[in-house]
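Next, two complexes with subunit A in common: one pairs it with subunit B, the other with subunit C.
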Partner chain A sequence: MIADILVAGLVFGSLYGLVAVGFNVLHRPTNVVNFAQGELIMIGAMLMAATPIGGLPWGVAAACVMVIVAVVALAEERVAVTPVLRRSSHAVGWVITTLAFSLLLAEAAGRLWTDQPSAVAPPWPLSMRVQEVLGVRFSSYQVAVVVVAVAVVALLGVLDRSRLGTALRAVAADRDGARLRGIDPTALTRRSFLLGGALAGLTGVLAAPLLLASVTMGLGLLIKGFAALAVGGIGDNRGVLVAGWMLGVIEATGAVFASPGSQSVVLFAAMLLILLIRPNGLRGLAVQRHV
Partner chain B sequence: MTTYRTDGMSRRGFLAGTASITALGMLGLGTAACGSSAGAGKTTARIGWVEPKTGRLAAAYKPIYVGARLALEDLKANGGLLGQAVQVMEEDDKGSPASQPAVAQRLIREEPTFVVGPTGSSQVLASVTALARAKLIQSAWGGAELLGDGDRFPYHYQLVYNTTQQARVAARFLHEVRGLRKIGIIVENSEFGTSIRDAVIATLRDSYSAKPVAVEVFEVDASDMTPFVRNLERAGVDGLGLFTGQPQATILILRAMAASDFHPVIVSHDLNYIEALGEFPRALLDGFFGTTYRGLTYTGEEEPSAEVRALVERIDKHPDTAGLGYSAVTSPYYDYMMLMAKVIEETKSLEPAKLKAALDQVDGYQGVRAKVSFTAKRHSGIADEDITVGTLMSAKEPQSLGGVLRRRADGM
Partner chain C sequence: MSEVRGARSRAVRRAAPWLVLVAAAAALPLLSGDPTITYLATTAGIYVLVGTGLNLMFGYTGQVSLGQGALVAVGAYTTGILMADHAWTFWAAAPVAVAVAVGAGTLMALPAFRLSSWYIALVTLGAAMAARSLLVEFEGLTGGWSGLMGIPRPALGPWELGERDILWLVLAVNVMLFVMVRTIVGSRLGRGMMAVRDAPEMAQSVGVAPARMKLFAFACGGATAGLGGALLAVHHGLVTPDDFTLDFSILFLLVVIIGGAARLAGPVIGTLLFFALPELLTGLAEWRGLIYGAALLVLMVYAPQGVAGAWEKLRARRRSSGVPADTAHTDTADADPGVPIEAGPPRGEPLGVELIGVRKSFGGVHALRGIDLTIEPGTVHAIVGPNGSGKTTLLNVISRLLRQDEGQVILDAEDVSRAPAERLARRGVARVFQTPRLLGTSSLRDNVLLGAYTRERSGGPAIVLRLPWARREQAELAEEADRLLAGHGLAGRASEEAASLPHGEQRLLEVARALMARPRLLLMDEPAAGLTPRELESLGRLIRAIRDTGTTVVLVEHHIELVASVADVVTVLDRGRLVTSGPPQEALGDARVVEVYLGAPA
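Right after this comes the complex of A and B.
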């Protein structure tokens, strides 16, 4: 039973972690939390299930989906984020504009697809077939999802240490100050949205075989991803992945041990407790501003 | 107090009607009207039509209104109502309970003769509450038992079986027909889920002096159903009531069952066959049953009526069906509209009070799916004997007429 909880926690927690990492990628140069992230992921999963993309070899289909979702995210940046930030880098109008963009995506999906879920097969040679090793039951695809999540966080860590990462940190710390040092925050914002969109597409691609592709899948992932972001700490990719795993394990534990219907209460009570103890995130990487 | 005109229209009504029709026409929302418009100044039956036109559920709910659209075609072919054209006023509720008060306000202004929709338990509860004071005759697709309470909602008529009736049939099938004694329940954490869970538990207790060996309640956005399914498996469940409005949840539950070779007999309320089911072992799907209308089922000896077969053929051909013929044929709206047409023609009136009085005396009206009867107190119109259990996999049989009808389960 414990092994079942851990497997479910790690696998679905990896998805929540990836959603939270997507939040981080977009947040860094903009200080914007993209509330359309869940719907971008949904679009990625639905595209993966849709023909003709779904009929392509898996790698090609996944790449197409990532490109398409990245372009959609760029469109979001153009119409819903940059106009707000242009007025003031400290404005919070993006809360409404990104939510509005999210509604637009949901609306478009509602016109294109019904609420019937679509199965998406994992790429060869991976499979959803459950194997038992030393009493632990898991599928090869579940292992792959955890590995990909860790790899994404590792790659973003490398990016973080590059010149681009330094520029992103500068913009995050002070958008106007960075501009004075010759950094173009608008261009960085655009690149971040492209990257964040591609990441959302990848998350949708990874989630589709596990959760099934469905127009209703976005909101749940958005909420749990946001919870992972809050617990892991904004800007800390490793922290949010670990937080995602923790939330996944708490969720699975609640399903097994909590009284029927109280799983959400258990999940959010645990989250609240963690935030009370570690208000700056699991690893406590508080953002300090020197003035 | 709302008054209903049978002898013409006010200027405000004319302007509102014209503006609505113009707006709908410009937006391409497809106002389904036949014959002359309200502006003709004649006695016309006006149908309020609540359907999600936008939002996440827009495409999903289209098949549910196919029957109503076919009924409109039939009314048009028969010369309208009381020899006059029928006007339809479509309202977009976005599939959301929160939209219902605003939609109700517009309907109250438009003063329709009767209202079709909305669909979905939460939407319906919000809608009937908002419309009750306006005394608008309405039938919506919601399964809550209280929606058939004539004292509480005197103008709402329920032409679908309610959750209690559904629970009784499901419990009878598992306990009495299949002789299973380790019955489990898995439901979503929603008003629908909890009410049907309570009804199944009450039926097992009152009718069979039994109780479920396991009850699982999952959140509607649960990512993984494995823990819930493992709990059912550990309890030794051999018969399972599975009730959720989320097709995705059903698939994830079946997937968790397939992963552990756990194949209990399942009774659900949704017999739509979707392609995602193709991944599961046949043994699991052969044990999947669902509550449905007796009139929409067949056996080795018994075939559905000619009327049912004719309607299924028309549903199949309709572009809005989109492969969800089962949802389309089980929808209450075809029967409701044809019943309203009959009542209007018999009373020769569009006045709600007269129509309500006539509806309260409907006894054994033969709808396509089932017989319908009402009293002033009982507005839940489907008789228990018209509810049965069908098999999921019969969707693949030729007798299902393209996957729309279902084979009745043995013993039902």
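Right after this comes the complex of A and C.
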């Protein structure tokens, strides 16, 4: 019983953590939280479920999806983010524009594909077949998802210590100051959207066999990813993954003891409570204000 | 006398389009026999009502709420349950619906106490989703997916209101709300909201508590949503969860943005354009989602001020091209400001400050490494030092915009080590920022009046009800603000937009705002930066005059000549440590200070 909750929590939590890591990648150089992240992931999952790409060998298909979603994210950056950031009259501008972009993606997907959820098979040799080891029941694909999530966070950690990571930190701290040192913030913003888009594509590909792929899956992932982001602390990849696992476990517990309809309520209440007590996330890497 | 008449006729002229609009809407059911027209007009009226509330939250306070539709649902369901299941009258159920929605709105805004604004957008989005699942979950109460049916019409005794009467009720509520909102945004509350939106730190420095202001805005938004929901319930006669999708919340955001955020007319124009039109052209309904998304995106990028904003800009341009170059203005700007102490005496005795062992680090950077400093009341105390020596950090710790890691800050014998900045403003501390922080889209007068935020005695209810003493107080303060503007060479320009001022005059405006607070302690961060020699001279005179009226002045400044001429005491900082403190000649002549600035002699 407890083992089942933990397995489900870790697996879905890994997805939520990945969504939040995607937020982080985009937030670094722009201070933008991408409200279209959920729909980008939905596009990724739907490309696997409803287009011929899904028929390609898994590795090729995943690569194609990541490229396509990355391009969509780049389009978002061009259309919805850079024009608003350039003017930056109102800090809320990008909230509205990324939200609007997400509406457009959802609407376009709704027109392209039916809203019938469809199942996607995991890639060979993995399967969703449940095995039992020491009384814990899990499938090989579930293990793979958790492993990939951890690997992504580890990889981003390596990237963070590289030259690019340093440049990203410089731009995050002071956009104009970075420019003076020969770093081009716009190029970095573009690169981050490409990377964030690719990550969203990968998350979609991973999610497709676990959640039924559907054109309405984006919003839920957006909110749960945000919950992981808020609890883990913005900018902290390891923190948000752990937070994702926590929320996954809370949700799985809620699913057992409460009705499925109240799951989102339980999750939301938990997030609100944590935010009220620890506004900078559980690990609390507080961002200093400056006047 | 003629001036009064002029003002009155101007007010009539301004109100005329509104009166015409309301009259036209009220006459609709009499002119047209088609019940759908009345039905649509009522729905549109309710949307204007809810949009006006969101305009307070989003337009004026800058909080993106995606939960407005959910709050409408709360109001509608409360009314529906009370009226259909418990046989309450509308007049009893509606206030309860408003109260419940205010409660829900405030709950949604709770994270605002601690977090920056974009969290609000996602938290309200989450709240909207949670609310929807609750509607379905509590089937016994809400009827689940099929919703609540058979909600009766409001009745006055035996007489039940018809379709037409509900439209008139909605219009009457709208007119009342419009007048109230207009009063709010023109008062200190409105200025406080805009300060929270445009410059939260400045807001705190004039005494506005941002979190409380946001809560107030959310409570107002919740109230209008609750009332809108109550009206919607009796208008439709049934409520279902499908009436309150996420699109419904986004619709209100769109209505405010398309009409013009922070414009009173915004929600009205937005509703007419974006709700009434597609509703009449039903062929477009299928494309609604796409239209919402595209309209939001295009508007936010190309016309963030919406239709009302674009219209205002057009009119301003036509007006300015009509009047040949503002000669009157340049005259006053050229005149020497002199010594503009028109603000009246400080609110009390000058305040002294004592710092004990104050430390502050940012990550690995130690900005302040244990500062002990006493600032005597009634003096001009200058803080100098090379770049990065911790001057501004020190000023921020004194004004409480930053909290020190260690040590104590004593203000006039009171330990304020843990007090927030807004509480200091109430004690009589004012601040001039290094780069001007103004309400860019507000008038110069409103910017100066913001300085009097903590001086105004009338409370919220007195302001909203336009009680005589509140209006008298507002008129007196406005007069004082105009005198201050005149004293700073900005006479006759009180109605201009602050963002249109050149940089130097924006700084003067900041000083005027700070003086409007009648401060007992004035904190100035590099006021001399970018001033001409002549402006410098009058700044020097101004600072001395401020001190002579009985205000302590703390001055962070690079300009050593200015410091030498106005300061009573000079404190020199270097790399977060206090080097020396004393009279200007002594402190500035100190060998260590020369070394700090010029490097050690070889």
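Just so it is clear, the second predicted complex is superposed on the first by the 281 of 291 C-alpha atoms of A that agree within 3 Å, B and C clash if a C-alpha of one lies under 4 Å from a C-alpha of the other, contacts with A are read in each partner's own complex, and residues count from 1 in each chain.
By definition in this document, a contact is a pair of C-beta atoms (placed from the backbone, for glycine too) under 8 Å apart; a residue touches a chain by one contact, two chains touch by 3 or more.
Every value quoted in this text rests on a predicted model; they were computed, and no experiment measured them.
Colleague: Would you check which partner chain A:Glu132 touches, where first means subunit B only, second means subunit C only, and both and neither mean what they say?
Modeller: So A:Glu132 meets neither subunit B nor subunit C here.
Colleague: Answer with first, second, both or neither: which of subunit B and subunit C does A:Ser264 touch in the superposed model?
Modeller: Both partners.
Colleague: Counting only touches as set out at the top, which of subunit B and subunit C does A:Phe226 meet: first, second, both, neither?
Modeller: second
Colleague: Could you say whether A:Ala119 touches subunit B, subunit C, both of them, or neither, answering first, second, both or neither?
Modeller: first
Colleague: Applying the document's definition of touch, where does A:Pro83 land relative to subunit B and subunit C: first, second, both, or neither?
Modeller: Once the two structures are laid over each other on A, A:Pro83 reaches subunit C alone.
Colleague: In the overlaid three-chain picture, which partner chain does A:Ala109 touch, first (subunit B) or second (subunit C), both, or neither?
Modeller: So A:Ala109 only meets subunit B here.
Colleague: After the superposition on A, what does A:Val92 contact: first (subunit B), second (subunit C), both or neither?
Modeller: In the superposed model, A:Val92 contacts subunit C only, not subunit B.
Colleague: Taking the two structures together, which residues of subunit A meet both subunit B and subunit C?
Modeller: Comparing the two interfaces on subunit A, one with subunit B and one with subunit C, the shared residues are 106-107, 110, 219-220, 223, 261, 263-264.
Colleague: Could you please specify the touching residues of subunit A with respect to subunit B in the complex?
Modeller: Spelled out, the residues of subunit A in touch with subunit B are 1, 4-5, 8, 11-12, 15, 106-107, 109-119, 128, 130, 137, 139, 210-212, 214-217, 219-220, 223-224, 251-252, 255-256, 260-261, 263-264.
Colleague: Within the complex, which stretch of subunit C touches subunit A?
Modeller: On the subunit C side, the touching residues are 58, 62, 64, 66, 110-111, 113-115, 117-119, 121-123, 125-127, 129-130, 133-134, 136-137, 201, 246, 250, 253, 257, 289-290, 292-297, 300-301, 304, 362-363, 392, 396, 401-402, 433.
Colleague: Of all residues in subunit A, which touch subunit C in the complex?
Modeller: Subunit A reaches subunit C through residues 33, 35, 79-80, 83-84, 87, 89-93, 95-97, 99-104, 106-108, 110, 219-220, 222-223, 226-227, 230, 259, 261-265, 268-269, 271-272, 275-276, 279, 288-291.
Colleague: Mind listing the subunit B positions that touch subunit A in their complex?
Modeller: 52, 54-60, 62, 189, 194, 215-219, 221-224, 226-228, 230-231, 246-248, 251-252, 255, 259-260, 272, 274-276, 278-279, 322, 324
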